[in-house]
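Sharing a structure with you now.
Should a chain be cited, it is by its letter among A, B, C and D, assigned in written order, with residues numbered from 1 in that chain.
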Amino acid sequence: MPGASALRQRPDAVLTPRDATAALKAAIGTGVRAQDPSASTAATPVLAIEHVSLAFGGVTALADINLDVWPGEIHAVIGPNGAGKSSLLNVVTGLYQPDRGRVRHGGRPFAHVPTARLARLGVARTFQNLSLFKGLTVLDNIVMGLSAEVRSSFLGQIFGVPAAAREERRHRAAAGEIVEFLHLTEVADRTAGGLPYGIQKRVELGRALVAKPKLLLLDEPMAGMTLTEKRELTGFIRTARDTYGTSIVLIEHDIGVVMGLSDRVAVLDYGRKIADGTPDEVQADQAVIDAYLGVAHDVDVGGGI
Amino acid sequence: MSYLKHLKSAVIASAIAVGFALPAAADEQYFPLQSYRVGPYAAGGTGFFGGFIDYLNLINIRDGGVNGVKLTWSEGETQYEVEKGVEVYERLKNNPGVAAWNPLSVGIAYAMIDRITQDKVPLITVNHGRTDSTDGRVFPYVFPLLLNPYSETSGIVNYIAGKLGGQDKLKGKKIVVLYHGSPYGKETIPIYKLLADKYGFEVQQIEVPHPGNEQQSQWLEIRRAKPDYVVLRGWGVMNPVALKTAQKVGYPVDHIVGNVWSNSEEDVIPAGDAAKGYVAITTQASGEQYPVVQEIVKTVYGAGKGNLEDKKRIGSVYHNLGIVNGILNVEAIRIAQGKFGHRTLTGDEVRWGFEHLQLDAKRVEELGAKGLFHSINVTWKNHEGDGYVTFQQWDGAKWNVVSDWIAPDWALLRPIIEKSAAAYAAEKGIKPRTSEEAPVTTN
Amino acid sequence: MFDYQFFLEVLIGGLLSGIMYSLVALGFVLIYKTSGVLNFAQGSMLLFAALTFVSLVERGVPFWGAFAATLGVMVLLGVAVERTILRPLVNQPPITLFMATLGLSYVIEGVAQLLWGTQVHGLDLGIEDSPFEVYGVLISQFDLFAAAVAGSLVAAFSLFFRYTRIGLAFRAVADDQYAALAVGLRLPRVWAIVWTAAGVVALVAGLLWGARLGVQFSLSLVVLKALPVLVLGGFDSIAGAIVGGLLIGAIEKLSEVYIGPYFGGGIEGWAAYVVALGFLLIRPAGLFGQKLVERA
Amino acid sequence: MATPVRNTLLVTPERLGVLLLLIVAYGVIPVIGTGYLFDAILTPFLALSLAAVGLNILTGYAGQVSLGSAAFLAVGAFAAFNFNLRVPGLPFVVSIVLAGLTAAAIGIVFGLPSLRLRGFYLAVSTLAAQFFVQWALTKFSWFSNDNPSGVIDAPPLTLAGFAFTGPIGRYLFSLTIVVVITFAVTRLIRSQTGRNFVAVRDHETAARVIGVPVLGTKLVAFGISSFIIGVAGVLWAFAYLRTVETGGFNIDRSFQILFIIIIGGLASLRGAFLGAAFIVVFPLILSRTGAALFGGVFDSGVLEMSQRIGIGALIILFLILEPRGLSALVDRVWDWVRPRRAAALGGATPRSFFIRKLQPKGRT
């Protein structure tokens, strides 16, 4: 792991300004994190992908991928369209079963990750295409992020037994905090389906964050956003990591965002991992330049809409 | 049917809808008709209600009503659906001078039993309906006139016995009953078993799932069973398909005997040549040679007031059933008028008329219906009236009567009916009448 | 002792009935493939076609004249449906379109009966329906004829879709509507053609079924026989409709004869559904479905 | 706390409207209504509304299309009859609850295919329930107390010792049950379970990832929906028709209920009532005006046929003009009256089977 500790020392990227709240929270977060980098390295990775291969009817999507994500780390995965990035996330979340290899969540190995238990394993994700529950309000969408913690039965909910009512209040309060954090107060009571794209993306982040996951998987969270929206979202992501100590796997086409935000960057090409290191290392890697960076500028167009 | 008539009933209906009740118009007896001229059973509905209306028209035009009391009616379309029938009932029941209800639908009839009993208006279910309503002690207002399903079963078995050369010849024979997969179809299962035990023939009863447009497997079973006769207790599209499929498996069509719901032109025409030679039970012969039908042709259709759009259907099975039904209703009113006076009668008074509806062969002939139907003898206990049945054979173009009038074995069936009626009375907490003297509500 | 001859007879009878189901299912498949909608009006179209045909014949129009005229009517109907229903409802969810086809079935049934009356008609296609025996097994001539017609119809459609431009467009739309639109295919035209094709299928199925049942209102109920075929064979597979029909026909008859008696008979109505469902639970992709394709 | 202000208000226009409706339904209509209004219009309207509320939970909220609703109506009706008949002294309310539970159990069984199937495949497979239930109820005469005709008669309606007789009684009985269940449903759809329904409908994968028990949610939806439809079946059979025969619970009835929720508006309780009103009342109006205007010109068959065409055409027209249903139409009118509410009502169009077809195929 040559890059890991080196990365820790790297100052915050200058790319995006942060607002006051975020700065405050970041200060707390970085403080905790920066104190003992060696402790982090000693711990098990939050996510370990071990020799994962996946093919669809003869077409290789992933070939012998290995990837570790350490606590508190923002780890980007980049690559041209069709390189296998989304397939990788789908393997990690159990939507696909790999043909070979294992995925470890917090040290527990899975040949096929049980999607239904993902949230209880402390994993949350967003999707490339919008995956909000369009018929629910913004607040309700975010409350849904706590689904895995619901204990009350539907009868309890209908008849409003105290435990169910308490649970509902607790979850609403937690969602309320996220709403404030993501500056969604204005739209909290509106139906998600009718909101602008950028806001929906933010709501989706909120839904993933509300459970304070150990590992957050973001699949092209910036796709189709304006520059301002991207900056804003970058700030949110970083703050989230800093506040909750969440490890983040980020799939993103915008190289500027990736390089500024990530601690480490893995590069996929035709299902193989061709590089994994600090942004600087990756940017200097000849294989990456050949395979990917040369075409980077036209990848971003309409990527994930 | 005049425009004014319609307008009037519309006005009445809307008046009732907003909560007014018009006073009874003088000297009119009203028939609310839950007809069905659309939907899967429209052919039967247009024929039956056409015949009924034609007869009412005949009475109005020829006789100026029943002893001067005009007959009126209005129709509500039900499409043979129970809830539409109920809606029509609720809509039309407050019209003045309701004589009787004639839904020609088992489902609608059932939904109405409670209602008409409460409203004290007779419910006529000619040739169909609830078998145990034959017991007038428990069902004072329900009249399954001429033929209930049990009598039909007995009549069919008696006919087959006749063909074989006597009831003793039934012994050791095999009869398959092919029945429609519905409560209607299943109703006679125990009666066939009973008769099989009594006469010593073997009966196999095979169900055809609704709607019955596929009967390959059933007929292959029949082919394997090699029965002497097949009884078709069908309904709608099931009948022609049965005849077609019988032909396909090589079963002789003249050994198939249809029940009362498998006996119309609509049941055989679609089967084409496969139906030639098919025999079916009926309570009323078809054809237009009977005087009363001729009078309808002359008087009603001659005046351009005929109800059937297609004049070729005059004298068809359903049309003649409608006419017979008209005769029975009108005569019940006439008989009741004899007791209560020549005026608009209450439903309860008409009920009294039905309970004394006794038309012997002579009276039937006077009515111009000799040969059309045999006779009827309704009493307060017996609401069916011991109708005789006959059998008709389809020759590819029309039905021809091929048997005498046959009497079902009423005495054998009566105890079963009474038992069923008693169970109903117990379930509903009804105290059966013990004499004719039921309280008659008059105006 | 097991009666093999009887078994064979039931089996063959079932397969031949099954072909008749396939014929109805085919109309569903054509429309589902291109517009993603379960066209519940298929039954009414069948009724309408048969009723129009038989009414023309009864009014003295010769067989092929009536056939051509009915064909013309079905083409008009197809175009009209595209104009008045599909086009305004483009981009609406499948369930909305489904309900629209239910509404359409009301309209077609109403128009059919208004035009031609509610009488039942016999329909004689001039095919002898007396059975002949092969080694003691009865086979219906009419059923063989129907099977031959159904077979040629499927063959004709397969050739049409494989070798004509319109067929290519059809397959493109079936594959991916969005992409087809993107490359400039005119969806309305494809839809109109497909509905017309479904109308033709309805006519042929209507005549064959009409000859069996008589031409009457209940004719529209034959769609209920086609639905389990669709579940089993896949809503979007022509081959599935054929094989599914054969399977359902055979299973239905065999289960009625051999399992039915244990339940008191009459299980045909739902046995086909249960078999189709059971099959899907084991193999969710259906007979001819592809891997990972969700049945949606 | 970002809890929206609107929810905490005790008096909202909506609540006021509902209160007003209840006052009219309980206080005014029983006084001014006629027997025809109760027995032929309001009671069937209430029963169908309740069935539509039930189906809306399954189809509108949870996104699982069912064409088998009539089967659950039948199960409810026959179960209530049998509980009432076979357990002496059982209060009728308990019979109703048990009938609902029976329907729910059967609904869950027939909901099992939903774990593997979607869209039209699921829709068609629910027909299995339709045909099986109808067959079983006809086949086994025990269900109809061995009545030779397979038709059963309604027991008297009692609620807490009070017997509801007569048109008004039956109406009030139905109304009370509908109000109680609808109130419970409003609570349900605002609860976590209600959100789960919408989540499964709108994005099943996302729902699974965040820990929504997808399979359980679908089965709960089938169960609750069938429970309510079963109770609606009790009302249909015992308060409205007062007789029960299997023939009335056919596929056309299932379609009718589906029509109600589509026309009323999916995922809208108000829509269920609006749709039921439309389906019950509209054909009557059409039929009455038709008969009044053209009764002399055409025979009643022609009129009925024309009405059938009219209803069909109207349904299509309606789907074209307002695919989100009467409920959305009411919202539009409301917005027009109260413009400032407009912003709060976004497009709540459900996803997947319910949203438009043209979508790029993503790789996720």
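For this structure, a couple of remarks:
The criterion applied here is as follows: a contact is a pair of C-beta atoms (placed from the backbone, for glycine too) under 8 Å apart; a residue touches a chain by one contact, two chains touch by 3 or more.
Every value quoted in this text rests on a predicted model; they were computed, and no experiment measured them.
Chains that touch both chain B and chain C: D.
Among the other chains, A has the CA centre that is most remote from the centre of chain D. Nearest to the common centre of all protein CA atoms is the CA centroid of chain D. Chain C and chain D have Cα centroids separated by 31 Å. Look at where the CA atoms of chain B average out and do the same for chain D: the two points lie 36 Å apart. For this pair, chain A with chain B, the centres built from the Cα atoms lie 75 Å apart.
Work out the mean CA point of chain A and of chain C, and you get 49 Å between them. Residue numbers of chain A whose C-beta contacts span two or more other chains: none are found. For chain C, residues that reach two or more other chains under the stated contact definition are 113, 118, 264, 266-267, 269. Shared contact sites, meaning residues of chain B that touch two or more other chains, fall at 37-38, 42, 46, 181, 209, 309.
Within the complex formed with chain D, the chain B residues making contact are 1-7, 9-10, 13-14, 16-19, 35, 37-38, 42, 46, 75, 77, 79, 81-83, 86-87, 90-91, 94, 106-107, 110-111, 113-115, 130-132, 181-184, 186-187, 190, 209, 307, 309, 420, 424, 427-428.
The touching residues of chain C, counted against chain D in their complex, run 32, 36, 38, 84-85, 88-96, 98-100, 102-111, 113-114, 118, 176-178, 181, 224, 227-228, 230-231, 235, 263-264, 266-267, 269-270, 273-274, 276-277, 280-281, 284, 294-296.
The residues of chain D lying in touch with chain B in their complex are 32, 34-37, 39-41, 44, 135, 138-139, 141, 144-145, 148-151, 153-154, 240-243, 245-248, 252, 284, 287-288, 291-292, 295-297, 299-301, 303-305, 308.
For chain A in complex with chain D, the touching residues are 86-87, 90, 93, 95, 115-120, 124-125, 127-129, 131-137, 139-140, 143-145, 147-150, 152, 154, 157-158, 160, 164, 167-168, 171-173, 175-176, 179-180, 184-185, 188-195, 207-208, 211, 219, 305.
Here chain D touches chain A in the complex through residues 1-4, 6-7, 184, 187-188, 191-193, 195-196, 198-199, 201-203, 205-214, 220, 224, 267, 343-351, 360, 362-364, going by the rule given at the top.
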